[in-house]
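Both complexes below contain subunit A, partnered by subunit B and then by subunit C.
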Partner chain A sequence: MSLFLVVALPFLGALLPGILNRAGRTVCAGTTFAVSLTALVGLLSNLPALLRGEVIEARVDWLPALGMNMNLMMDGLGAFFACLILGIGLLIIAYARSYLSRDDNMGEFFTYLLLFQGAMVGIVLSDNILVLLVFWELTSLSSFLLIGYWKHLPEGRQGARMALTVTGMGGLAMIGGMLILGQIAGSYDLSVILQNRDLIQADPLYVPALILILLGCFTKSAQFPFHFWLPHAMAAPTPVSAYLHSATMVKAGIFLMARMWPVLSGTPEWFYIVTCAGLITMVLGAVIGLFKHDLKALLAFSTVSHLGLITMLLGTGTAFGAMAAVFHILNHATFKCALFMSAGIIDHEAHTRDIRRLGGLRHLMPVTFVIATIAALSMAGIPFFNGFLSKEMWLEEVSHTTLFGPDWLVPALATFGALFSAAYSFRYIGHVFLGKERHDYPAHPHDPPAGMWLPPAILTVLVVVIGVMPFLAEPAVRFVTSAVLGGTAELPHEHIALWHGVTPALIMSGIAVTGGLIALTLFTPLLKLWDATPRPEAKVVFDAVIAVFVGLARIVTQRLHNGAFTQYAGILTLAIIAAGGHAWLTGESTASTREAMPINMIAAAGWLMLIVATAFLVIQHRNRLLALILMAIIGLIVSVGFAYFSAPDLAMTQISVEVVTIVLLLLALNFLPDITPSESNMGKKVRDGIVALAGGAAAMGFTYHLLMRDFVAPSISEYHLANSYKGGGGTNVVNVILVDFRGFDTFGEIIVLGIAALVIFALTEALLGGKVRARLLNRVPDKPLSGDRHPLMMVILTRVMMPLVLMVGIYIFLRGHNLPGGGFIAGLIVAIALVMQYMASGFNWANERQRYPYHGIIGTGVLVAGLTGIGSWLTGNEFLTSAYGYFRIPPMEEFELATAALFDLGVFLAVLGAVMLSLESYSRLARRAHTPDSEFPMDIDPSRDDPKTVGKGA
Partner chain B sequence: MEFLFASSVGLLTAAGLYLVFRLRTFPVILGTSLLTYAVNLFLFASGRLTIGAPPILMDGVTHYTDPLPQALVLTAIVISFGMTAVVVVIALGAYLGADDDHVNDPKEEGADT
Partner chain C sequence: MIAPDRLYDLALVFAFAALSLAQILAMIRLVIGPDVADRILALDTMVVDAIGLIVLLGIAQGTEIYFEAALIFAMLGFVSTVAYARFILRGDIIE
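The block that comes next holds the complex of A and B.
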């Protein structure tokens, strides 16, 4: 099966549990199980090729320009992790089926679980580090959802937030590190990066990249000083803890260190940082773990400790260390997952996880007792269980490792850690299962159904099999290790075996186990000592740090984002003026290269009108109706200006937009007060005026400067002029640009316009559905309404004009490709023709005659434009390539047909629909607020001999 | 001529800014409309001013004005209508819902979010 499918299956499968939620819990869990199983089988189908020595690949270029390609690769290491993720995933799914109660939303749980599974598989199979980062962040997100699955528990929510914060920050650091690494290697493909060890380690940016990547790994794998989030994530349901926090997600950081081992390891920086962090984490986790009373907290700290152990093994940078790390990853996954599941069973049956309230469970839960004991003994490092083997290898490696101090320091610390590790393992057995049976458990414990004990039992079988017959696992471990080494070092000669003779490692191991037993017998005095020792509580520190940042953010936000929009506008204006001023004063400028055109009387008159209208508008803006009229004058002069300066298309567009804008503002003005009250005092007005004048002066200076100089670089406009007819088949260059050269822009623009109209429609709907509706119904118009709302003359006139305007619209549309006009303008003109009917004959009358909803017209327009674009695919061209030809149908003249015209039709429909939908929405607001609609299109109609309707509705 | 054009742009900008700084929604809408005019004219000016040479290809004519800014401004005009319409409906909704057409949030609110 293709690797793509292996990665995609869990993501696709994540859709199913949610849908099947109602089909029953078994169906839901069964489907999830089937999805994971299919992915696992698909993965295994690649195994024969892998064992032949091939590296399985699947490559698709995604964003080659950014070096981001969907490249997947599976070597021994990837396959090992993917098998762990999918295999243990299956056990977890089976376990969760019995673990989750009827009140839990099982579909939601399994959806999150599959999302997480897909992201994890993605990490371990990615060949591209950018894709790997995407999956990396996806695991953070999906684990956030899983940890916080029990939304009603505050600890769950806080733990989820803490985990997301810590791992998310680490992920951010890692993005930086990965980008540096990619820059150094010249490729973001792992397969290339892994070949460039010398280049990368010689680069001056190696250390920053290393530190950033390690930050990502350490946060994810809960290494000191980022270990604190893992115990808090234990608020998650136990299947999640068993899956994410023992077997998979926390191993992602370790996976990455192993993956990057060939290029990053072997330097002093790597050695000191990774080995120290690992050792400290190992010892610290073990010591804290012993004194935790919550079963899951104990296991969480033991996980932290064991992750430290693996990290340290990778840090030493020797081939033997890498092999031991791989082996311990496998062993830890088996026994720790089983332990978590057993803790879940105890919690499920005894209703408590507090060790102080447990004890003597061995008779009540014999099956669980056997499972937990085997797993715990393996964790303690007792012979014949797999944990012993890899712990021996670790101690062997430790005995050859020297950090800062004397030779004996590292072995002593490691033995100290191992001692506590053995002690908490024994405590797990001794204080929970051994001892006297009690009578005060919160619930009467008994062994769970097979669905819950079988998954951990399978894992403990593995624990024993590997522990007794390590030669079975050795080929696999060697195979994976060779992938980790990546050819930079030779596979170690040592074999994994139970007996190597009396080595230093065995002596250290013996001391640790004996010491562990002694420590447990002395547990009560030790606990007292521990409780008396002051130590920082990570959550308190974390919360305090977060509180400081929240406080800082709040100060900044409240200062800058105080709800005074006017103030924002002022700050924005001043900032732009300052930036422009800076550029003006420091930049270079040439002398003017163009001659000013002479001023003639007409232009001067137009300018004067604009100046006067604008000045009056500013002075009179409080009188809203007058302000609108002045706005219309300004718009009119602007359109005349466009026409004057050789832009007929713009002039036509501007004037038709002006008409609909004014109609729209008039509709709105209906509801708004006539007069804007004066609120600013003189000082504020002067201040605003000064800022406004400064902005105006800047705009004027800039424009004048621009107008008096030629282009700095040759313009691309020449191309459009030269190719408009040859390539686009039209002589109106502006229209050809719109529908052909830059058709994609236009396509986007009509979509935006359509969305704007739909927003208006939706907002109106929302307003009419809420309290505004009642308000409108009770509203008393503040101005007297006209007695003759639909005057006879106007009705007749608009109806006569309707066909004429429509014809003009069609004419403007058809000629658009060659002469001023086109879809935009035609759409606006037809909209005006329709609006006239609404205004003259009333909403009711016009609405009855309107057959197609405006939403549909917008949609049709966008569709027509889009399909025209897609049509060019059929001829093997790019999206929106236009074609044209000349036709002659007697007796008409020869005329041209271009696919661009079809595209323009789409534009026309979209513009028409958008304008009409906006205006219609406003009218619907108005209809709520006013007296009932007139029954007739004309209030006074001499042909109607029904006197009682005359004058009604005033 | 260039001076007339540039001063018009400047005046429209100044008037637009002044109205945007007002405290009620209606003048702010007028102000943004004036700013729209100013911006559109400025963009149009980036093709420089030409009289009597529209970009309609004709035989024997070699000098045309720059068509590209025109095409860009044309869509900008239509889009700005859409923008105005949306802003107006938001302003209207706010006024009808709260009987208040102030632009700024009231002082006591917005202190804590």
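The block that comes next holds the complex of A and C.
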């Protein structure tokens, strides 16, 4: 199966669980399982070719100009991780089916899980680092959803936020690092980058790139000092913890370090940063882990500790270290996943994860006891379990590693860490399963159904098989290691075996295990000591840091974005004047080439009226209704001006928009005071006046300057005029520009318009669903109202007008391609025809006669326009290429049919729907409790009083 | 006796002058008020005059292209007047 399909399957499959939610929990989980299984089988189908030594690839250009291509590649390392992700994913899905309760939305859970799985598979199979970064961010986002899955728990939400913040910041750093790396290597393809070790390590930007990439890896893999998010992510449901923290999310950072190992490792910088971070994380995690009372917190810190161990192995930069790291990744995934699952079982059955409340469970939960014990012994590093083998290799590597001088430092620290590691593993067994049976469990613990214990049991079988017969796993480990090394170092000769003789590693291991047992017997005094030691609480520090940034952001935004539109307008005006002034002073300008036209009487009268109306508006703007009337007058003069300057299209649009705007503003004005209070002092008024005058003068100067000259560069209008009929088949250039030349813009605009209308609808809906509703319903009008709500004259008149206006609307629409008109104007005209009915006959009456919801009309419009655009694909053209032809159906004259008209129909519908939906939404706010909706269109209807026609309806 | 096309020109100028004057008078009414109703009526008058001006413009330039614009002004211009009137009478224009 193509790698594309392997990566795409989880994403496509993510649609299914949500849909199948109603079909039942088993169907939902089964489908998810099937999706993962298909992806795994698809992956394995590539395995034979991989083992023959081929590198499996799937490439397709995405954005070649940016070097961002959808290139996938599978080598040993990618295949190993993808198998872990998909294989353990299957077990997790099976486990989650039994784990989640009836109250949990299973479809949602599995959707998130599949999204996460797809993103992880994407990371490990990417060959392009930019694509890898996209998947990397997707894992951050989808893990956020998974960790915060129990939205009702504040810890869940906070933990998810912390994880997203930390890994998101790391991801940001990594983007920088990857871009530098790509710049150095001259390609964003991993396969190229991996070949350029010497070039990259010699570059002066190597260290910044290394640090940035490691920041990404360390945050993701919870390395010190970014380890703190992982324990807080434990608020997630246990299947999520088991998946994210054993095999996937936290291993992504490890994966990337392994992937980049051939180019980045081997330098002192790499060695010191990675080895130190790993060692500190390993020891710190192990020590804290021992003293955690929450089972999952203990496992969380043990995960942190083991991730540190793997990181350190990769940091040493030796081939043996890389092999040990690969082996431990496998072993850790198996035993840690099983441990998380058994912790989940205990939580599920005993209703607590607090170790202090547990103990003696071995008789009550024998199956779980066996599973957990095997896994924990493996974690402790006891022979015959797989954890022992890789830990021996680690200690072997440690015994050859020197940091900062003294030979004994690293081995001593490592043994110390291993001692605590053994101690918390023993505590997991001893304090939970051994000891006396208690009588005060919150619930009656017993073994869970097979669905829950079988997945961890399968993993423990692996733990034992690998532990006893390591030679079975060795070829795979060697194969993966050779992919990690990427030819930069020779594969180590050492074999994975139980017995290497009495080596320093074995001695250290012996000390650690013995010490671990002793530490557990001394647990009570040690705990007292631990509790007495002061230490920083990560969450408090994190919250404080976030609070500081939130405060800073608030200062900036509230200063700049304080809700006063006058301030925005002032800033905008000043910025434009400054930019324009700069251009004026620095640019070159030609002498004026045109004569000023003489001023005629009509133009002067129009100009004078515009000035008077505007000046009067400035004086009277506090009286809101008057201001609105004046605005209508200004709009009217502007519309006439458009007509006067030979732009009938614009005149028609302007006047329709004016009408709709006034209706909209009057609807809003109903809820606003009549008078705007004066809030500015004299100084502010003078300042604002100066800004306004400067803006006006600048606009005038600019216009005058442009009108007196020919354009410096040939204007695009020439092209439009020349090609409108030839290319677009229409003689109305304005319309051809809208639906053809710039059809894509128009398409975007109608979508925006539709979204705006839907937002207005949603806002009013939310307002009417909230506390405001009661206040709105009981609002008493502040003015005396006339009695007749729906005067007869108006009802009759608007009904007579309706068909006329609709006909004009259709006419304007049809002729739009060749003469002034088009879908936009027609949409407004028809909307006004409908608004007239609402105004005259009442909301209720008009709404009853409106069969199609406006949302649907908007959607249809966008869909029609979009499908018209897609239609041109069928003929092999670009999106929205228009076609037209001339037809003749006798007895009619020849006429033109253009796909642009279909597109224009979409515009028409979207405009109509958007205008009506916003007006309807606003007007819904004005319903009042004491004025019931009338069932008649007219309040006073003489025919209702006439005994002959009573009962025949109005 | 005045030549027909001269008469035609004179008539046009007269019509333009009359409508412009009407606009200016309406404008004065708008400014002096005193009532909101007066001002709404002034607006309505101005819309009617504007229709006339656009039609005259078409006649003067000998083109039909402005006809639809005038038609739409005539058809829709009154809607805003009605909306203002309803606002004064009832506060809520769609109820």
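The rule we apply is simple: the second predicted complex is superposed on the first by the 577 of 954 C-alpha atoms of A that agree within 3 Å, B and C clash if a C-alpha of one lies under 4 Å from a C-alpha of the other, contacts with A are read in each partner's own complex, and residues count from 1 in each chain.
By definition in this document, a residue touches a chain if its C-beta (ideal position, glycine included) is under 8 Å from a C-beta of that chain, and two chains touch if they have at least 3 such contacts.
Owing to the predicted nature of the structure, the values given are computational and were not obtained by experimental measurement.
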item	value
Contacts of A:Ile829 with subunit B and subunit C, given as first, second, both or neither	second
Partner chain(s) touched by A:Ala914 [first = subunit B, second = subunit C, both, neither]	first
Which superposed partner A:Met839 touches (first subunit B, second subunit C, both, neither)	second
Which superposed partner A:Ile382 touches (first subunit B, second subunit C, both, neither)	neither
Contacts of A:Pro820 with subunit B and subunit C, given as first, second, both or neither	both
Touching partner for A:Ala324 - first (subunit B), second (subunit C), both, neither	neither
Comparison of subunit B and subunit C by subunit A residues contacted	B
Touching partner for A:Ser923 - first (subunit B), second (subunit C), both, neither	second
Subunit B versus subunit C as contact partner of A:Pro648, first or second or both or neither	both
Contacts of A:Leu721 with subunit B and subunit C, given as first, second, both or neither	first
Subunit B and subunit C footprints on subunit A, overlapping residues	644, 646, 648, 669, 819-820
Complex contacts: residues of subunit C adjacent to subunit A	16-17, 20, 23-24, 27, 30-31, 36, 39-40, 43, 46-47, 50, 53-54, 57, 65-66, 68-69, 71-73, 75-77, 79-80, 82-84, 86-95
Touching residues (chain side subunit B, partner subunit A) in the complex	1-27, 29-30, 33-34, 37-38, 40-42, 44-58, 64-68, 70-71, 73-75, 77-86, 88-93, 95-97, 101, 103-106, 109-111, 113
Complex contacts: residues of subunit A adjacent to subunit C	601-602, 605, 608-609, 612-613, 616, 625-626, 628-630, 632-633, 636-637, 639-640, 643-644, 646, 648, 651-652, 655-656, 658-659, 662-663, 666-667, 669-670, 781, 783, 785-786, 789, 794, 801, 804-805, 808, 812, 819-821, 825, 829, 832, 835-836, 838-839, 842-843, 919, 923, 926-927, 931
Subunit A - residues contacting subunit B, complex	557-558, 561-567, 569-570, 573, 594, 596-600, 603-604, 607, 610-611, 614-615, 617-618, 621-622, 624, 627, 631, 634-635, 638, 641-642, 644-650, 653-654, 657, 660-661, 664-665, 668-669, 671-673, 676-677, 679-680, 688-689, 691-693, 695-704, 706-708, 710, 715-717, 720-721, 724-725, 731-734, 737-738, 742, 745-746, 749, 752-753, 756-757, 759-760, 763-764, 766-767, 770-772, 775-776, 818-820, 824, 828, 911, 914-915, 918, 921-922, 925
